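Below, subunit A partners subunit B and then partners subunit C, in two separate complexes.
The block that comes next holds the complex of A and B.
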């Protein structure tokens, strides 16, 4: 299944449309999407790993659903995310700088947020590490806040956005998988390890 | 999922939490002769609602009172009367913010009085279900059927469905929770019917087994956190970014609104699955099509029969959901039609306007007949309007009954 509207790295527009309003659909279980086209989940996972291995600053943004110990599943996911980050660090070249920047809550922070420490979901294009991040993964972010941030990032930056969603996925990311569990996060780490050395790192 | 884990368990009334697809599509049904208000009660008996908040206004008062009986019987977690419709809808928001499955009913001026809450519900992604038993909203006062209030609800970001019959009503109350509670949707639903015509008339309705009920709402699937005013991650309620005057604050608010309407779009897939399509059609190869929602569909069916007896073939499009709007379905269903007749129970013709904005060659749309303020719409009126449109001479209706 394809869509006419491609969700691509920006900067796209002063106020980009939501992908759903352009007719993009969410994947069904077992599927993911790349740029709005529905693909088998494993294909999306492989592409996510490639994008991360090709980025100068591949960054994981874990959200409140995994940063706070709501339940055992959240704690398990947090450990899997840490494993993904460590795997990434092991697999990239010295020219790459993997980052792990938490999004612990959704409060707008005034007068300013420290972009060295955390992402502000309401100011993402201004506050993600001085806009130097060229690929990111959202994981454990509530769907509504994730969609807002993903769309604003697409509007104002050229960052490649990936969303690992515990629910139905995100059309406003350039790539998304759904029903994310700790095992699925570990599988992405396996893809990163498997593709190590096969993707040309940035110069 | 918590929702899945309770399937097969019993609630404190002995009802079994049942897979909704089995309950709605496969379980044996019992034909029953009920008013629309009684049907609302029977649906809510099986809906595992946590909270119902009530306020009297005709013609929904009876349903609200009947659900009070359900509370007395122990089928609902909490039930109380608000101070006004505005208060009711605010209290519904509070209950939904806290993670409850919420139900309420309203009508006419009550809907209008509470209107400020509806975009707030949608913006806060609260999957509250509100029955709207439509009636007149303007001065001079009328308690009679009139669907004008629906046109206001259509711009709020809520899902808006328009039931034709008591059977629609029964099924859609239960299915409505399944659609509006999907995490990619998670929006309030205004389930509308034409007051009195549906609420106060009796009809045969096939009910699902009384010992089965929906699984409870699972707030952990919400796309936004449950509200806690003091603790992260939700303290933004008292740190609203909208209070700041800068580009990114405005952009965030704009994106927020877009996300609400994106969720309406996402409901399309789920609504199609649960309602078996956003529209129903009959004989869309006919050159004349009657397109309607609510009880105007029922009147249209009778008009189609009258015209068939006279050798005039007319097809039918029944619009079930107004939000999401079935644009592509209507374009497809009307592609062969030379004349599209849109009868409505309101003065402005909002449905005809929506159709005109949707289809190519919209001069084919004939907005009418219209009645409002409680007038009935006899099928003969619709048949007569169609014949006039076709250039066929008709008798004046003032001669009827003489």
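The block that comes next holds the complex of A and C.
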């Protein structure tokens, strides 16, 4: 299935349109999307792993839904995210710098955030620019804040955005899977391990 | 009620910025004896604020947040004004309402929380400026009191619209000339504490925020009375030093001058009979708790 609007790495422009307003639809259960095109979930997972292995600074942005141990599910996801990060570190070349940067909450920070150690949905581009992040995964971020961030990132940076959503997916990311559980995060880690050495690392 | 609800996932603890780690390790959530004396010793629930240097409102905010008896189960409702610049930086649930709508929002919120959490105290505290409370939102303020809604309304009274450059407000004193009110106020300061009393508030206080222990006392009283009996109202003088032509370090003196016996912010308190009974009961329990703690300390020392 193709759509009129391809969600590609930017910088697009100051206010990129929401992909939904351009006719992009969300994947059904068992599916994901790549640049707005609906694909089987496994294909999206493979592509996400490839993008991460090919990036100079692949970064995971865990949001409040997984940073805080609200319940057992959240704690399990946090464990899986840590595993994904450790796997990524083991699988990348020395020219790559994987990062794990939290989005602890959504409040605009005064006088400014420290982009080295956190990301804020109101100006996520600062963290992307500062750390020269070229591929990122959003996980555990509430839908509205994720969409806001993803659009700002698309508007002002050339970062490849991946959204692992616990609900219905994100059409504003370049790649998204839906119904994310801890097991699904571990599956992505397996894909990273499987594809190790098959993707040319950046120079 | 405890810090149990704000645990960081252990696998990700070390990547959290230090202020969040501090909030979990050193804040006073769940501490029944929390109060203004924790300021400087424990992690405060207010991060850096964006108010002007020396603003009395920032002092008031710190005292109030330190005095909330139950911050982990408190929702604060704010409105447009300088207070809304601070709310993004506080570690207490808060809602920014449409200008003047704060007491209507709080009414619905309090009722919903009572239905959803019948076994738990959920405190709702409205904190808004004088424009939102007395001018634009007077209807909502009064209607909430008439209906006997069980929450506390705090008005930060700086006697004008400070955030927008100094326009006249209902709580401005008669004759005062402000930057955007060059003719001078032609009528008296609205007597909202008296109106609150007549409208059904069970605990009403009019004072400044120059004394942190007093602020703690009135905040705790107001919240306890609102929880058990009915609406309460606090009118706290937080002068806008910029709009009244003072320097950063002169805010405290301005409050002290305004709370002298003949001045407009001389301490005024009204407590209804049922509220009096409740407060006496709470005071007795507190005395008992302190005596027990003293006894325990003495036995440990021996």
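Just so it is clear, the second predicted complex is superposed on the first by the 200 of 203 C-alpha atoms of A that agree within 3 Å, B and C clash if a C-alpha of one lies under 4 Å from a C-alpha of the other, contacts with A are read in each partner's own complex, and residues count from 1 in each chain.
Keep in mind that, in the parts below, contacts are C-beta pairs under 8 Å (C-beta built on N, C-alpha and C of every residue); 3 or more make two chains touch, one makes a residue touch a chain.
Just so it is clear, the structure is predicted and the values come from calculations on it, not from any experiment.
By the touch criterion defined above, A:168 lies against subunit B but remains apart from subunit C after alignment on the C-alpha atoms of chain A. In the superposition on chain A, contact of A:101 is made with subunit C only, not with subunit B.
Legend: residue contacts after superposition of the two complexes on their common chain; A:20 is shown touching subunit B, with no touch to subunit C.
In the superposed model, A:29 lies in contact with neither subunit B nor subunit C.
In the superposition on chain A, contact of A:145 is made with subunit B only, not with subunit C.
Between subunit B and subunit C, it is B that contacts the larger number of residues in subunit A.
By the touch criterion stated above, A:81 is placed in contact with subunit C alone, subunit B being left untouched. Residues 68, 104, 107-108, 110 of subunit A contact both subunit B in one complex and subunit C in the other.
Listing the residues of subunit A that touch subunit C in their complex gives 62, 66-69, 74-75, 78-79, 81-82, 100-102, 104, 107-111, 114, 117-118. Residue ranges on subunit C touching subunit A, taken from their complex, read 6-12, 15-17, 20, 47-50, 88-89. The touching residues of subunit A, counted against subunit B in their complex, run 15, 17-21, 25-26, 64, 68, 70, 104-108, 110, 122-123, 125-126, 142-145, 147-148, 151-152, 155, 167-169, 171-172. Considering their complex, residues 125, 182-184, 186, 220-225, 232-236, 239-241, 244, 248-249, 251-252, 254-256, 258-259, 261-263, 265-266, 269 of subunit B touch subunit A.
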